[in-house]
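Think of it as A, B and C in the order they're written, each chain with its own count starting at 1.
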Amino acid sequence: MSSIDGVMRRKKLKRFWNGFKNNRMATTGAVILVFFSVAAVIGPVLFPYNPMEFGTVETILQPPSTTYYLGTDNLGRDIFRNLLSGARISLMVGILATLISMFLGTSIGIMSGYFGKTIDSVLMRVTDFFLVIPWLPLVLVLVAILGSSVWIIILVIGLTSWAGTARVVRSQTLSVKERPFIERARAIGADHSTIMMHHILPNVFPLVFANTILVTAVAIISETTLSFLGLGDPTRPSWGMMLHYAFQSGAASSGAYWFFLPPGLCVVLVVLGFTFLGYAFDEILNPKLRRR
Amino acid sequence: MKLLRVENLKTYFHISEGIVKAVDDVSFSLDDGQCLGLVGESGCGKTTTALSINRLLPPEGIIEGGEIYLESVKLTVLSDVEIRKHRWKDVSMVFQGAMNAMNPVMKIGEQIAEAVVWHQQVTHQQAWNRAKELFELVELEPGRIGGYPHEFSGGMKQRAMIAMALACDPKLVIGDEPTTALDVMVQAQILNLLDRLRKTLKMGLIIITHDLSILGETCDRIAVMYAGKIVEIGSTEDVYDRHMHPYTHRLLMGFPNIHRPKLMPEPIPGSPPDLIRPPSGCRFHPRCDYAQEICQEQEPGMTTAGNGHSYACHFGGAFNG
Amino acid sequence: MDNVVELKNLKVTFVAKQSFLKELLMKEQPLVRAVDGVNVTIKKGEILSLVGESGSGKTTLGKAILNLVDIADGEILFQNQVVNFHHKQEVRRFRQKAQVIFQDPYQSLNPKSLIIDIVAEPLEVNRLIKTEAERNERVMKALHDAGLDPPERYLYRYPYELSGGQRQRVAIASALILNPEFIVADEPVSMLDVSIRTGILKLLVELKESKGLTFLFITHDLSLAWLISDRIAIMYLGKIMEIGESDTVIKQAVHPYTQALLEVMPIPEVNRHRQRKVLSGETPNPTNIPAGCRFHPRCPHAFDRCREEEPVLQAARSNHLAACHLIEKETSQENSHD
């Protein structure tokens, strides 16, 4: 029996893989993200980096060389090593913040759509609030009050980016809940949580999944923005933080391109990778949405 | 001259899994003012046959062989531009989903008039007058001509659809499951209406349906399709009472008849075949009670039983014992 | 014979959906009286067919019995006890005994669930099994009972991999797994091809005979009702018009509405010259039910009393009831002749 199960799963996977393989956006995005994930995982092991360890006067703002592959910053720290450990921070913040955001967005969206009436009105007014409020000032205030540790940043980004997902999930839930298999589940005697977990969630998941990847891209940009404005965690310098230092020290005007170019390019590439992958998944998992 | 002749029609769908032989060597003809019932289960190729006549096939569907003549015009060789002159004007269709085939924000009368304007060189006022005439013809209250689709019941919408199909005095009307979504009472009204219209307007009528039991009052002839082929064709009497093909027999048994003893019919075993890889020999043999070796090997040709009644079976009438 | 289900003056109403403008202008929203006072008993081990056109309230009635829609008035007795739908435990116990099969096998199964999980779901939500092995065994038995053999072949498939008939059998298996007493089958074959339809109907009759199951078979097709059921109830605009043994209702119909339905019933016979009496018009909107007998505006035999007084179900002969004033009129005429 488990072998039949295996065959079915493999068949499904194969269909998905074929769609994936033939989608140029998907493969490009995947290659970019695999590259950066590997760099983020093993990079800091091979090239450890301590942001508190400053260089000497001779090593300040050195251009790229065989000792410092990408040169040094205004405090004499190795930019290549900083870039690798920054990849870890940026990806971690992006992914963890997205998980929080998806969890909130999906559960609020499903509850709102499923229960309707008062619960829907209340939840959707809260959602509207988060949708329309100017994001940056809110986050600035929150981080200023709560402090700028990397965990606080993750939490703040997660708490402020779920509203769009909730809207999408709610509308999908509204259509799924009208389908007869939900009524069948009720007739069997299933309670609300079973219906939401077993019947609605799997049917809204493909939509959520593609959306998740796109939200990750947004979360990474958010982190970069916050760090660039100087609200990042100084003990764990991310790419945004590197850009912050570069900007502060006037690297752009003094011609120290190696200082700001690498972190800038990395942010652009990673965000592009996530966006490509997100759109590609949307196309593969929800073909009807696109073709019509 | 025959109104419509379909000869050895082959319409295949080219999809990623292979070639679906939806209609495979189908021939039939229709006289002026005659009504033919084209009956079969879902996926048997009955709708594809109709769409081939009007060349309204989706892009994957290609007519691979055979000819279709409307009177003396060979429809199968016409270009896309030329066929458009015949569509609706000579051959029109009544679809199943009358509720969805209408624009909800446009007056019903306007929608009928629109069909007239597309095909005839007339003014808007003339088209509107024609719409009024058509309204009367399909027995709709003339006062409702300015109404919107949501104000019409299911049966009234289907009448309006029929009015639209009649807009240009077509020679042939094809009804694709014209009564399927309707209640029995309304179904009977619509069938009566179609019957009356084709007699008074002397037009040809093809009714496509999965329901063999509704054809008794309206059709002169019935063609039964299975897996892309016509397995039996003949006058309504012949198909109902003197049918020879085991599939026709089983299909008819599926409709309980209250005038006869109450018998629980035996279901047809198995399921309809995959038309990418149809069974060898007779396509019905895997589900047939009377199949023998020859049925697996050799495809049966059409056997004539006289009076235009023919069937494709090696052992026609075997079920009679 | 024991009664499995008894409905006493059951009523279900909905608030009619209206256009925004009308909603603004009108203070009271019109009520749709979908089920408007139905009294029916369903006996143990029988198939009762509920026949009606769209808008007759037959599906709503089926749902109301299973508490899938709220009841406005009246009572439902299950095995001679009133079901209290506010009592959670009681509802849960009732739902284990009363199951449903829906019309559309393409829509009523969760497309993301494996067959084994769909069939086992009633066991899980009611927490009735302890081990994986027990679960598998019961699912296999249910699939087998529903005519899916060998059951192993279906366990790990998804609904989209099965044909319509097979899906409907999966739905039946899932309804059977709790060993219910009573099943509401809501148009279970109307979406299926004729060749597959008979297999499902046969299965229902077999289940009735082998397990003593009781069915409420909801259909628009009078000929199918005649074929498989013991008794037939005819419904029009939320009320039962006629009820009796299936042969009696078909062969000796009393109510003009039943007669009209019989008149238009398609029969695979050559009837080209038969002149049918087809009623004109369609079933009116249930927001606006005619006064008196609700069928009188379309009835060919309507007389003054029909416009004023609503007829109640009364015996036309033994075990055969109809809601029509003609019954009394005829009996009184017969009496006066004596």
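Odds and ends about this structure:
One rule holds in what follows: a residue touches a chain if its C-beta (ideal position, glycine included) is under 8 Å from a C-beta of that chain, and two chains touch if they have at least 3 such contacts.
Labels paired with UniProt names: A = Peptide/nickel transport system permease protein; B = Peptide/nickel transport system ATP-binding protein.
This is a predicted model, so every value here is computed, not measured.
Chain pair with the highest count of contacting C-beta pairs: B-C. Of all chains, B has its CA centroid at the greatest distance from the CA centroid of subunit A. Per-chain CA centroids place subunit A at a distance of 51 Å from subunit C. With centres set at the average Cα position, the gap from subunit B to subunit C is 32 Å.
The geometric centre of subunit A is 55 Å away from that of subunit B, both derived from CA atoms.
Under the contact definition stated at the top, not a single residue of subunit B touches 2 or more other chains. Residue ranges of subunit C in contact with subunit A, taken from their complex: 66, 68, 91-92, 95-96, 99-100, 102-104, 107-114, 121-122, 125-126, 152-153, 155-158, 171, 174. On subunit B, the positions that touch subunit C within their shared complex are 41-42, 153-156, 183-189, 192, 210-214, 216-218, 236-237, 240-241, 250-259, 262, 264-268, 271-272.
Note for the complex: subunit C touches subunit B at residues 53-54, 163, 165-166, 193-199, 201-202, 205, 220-224, 226-228, 247, 250-251, 260-272, 274, 276, 278-280, 282-283. Those residues of subunit A whose C-beta lies close enough to touch subunit C in the complex are 1, 4-5, 8, 179-181, 183-191, 194, 198-199, 202-203, 205.
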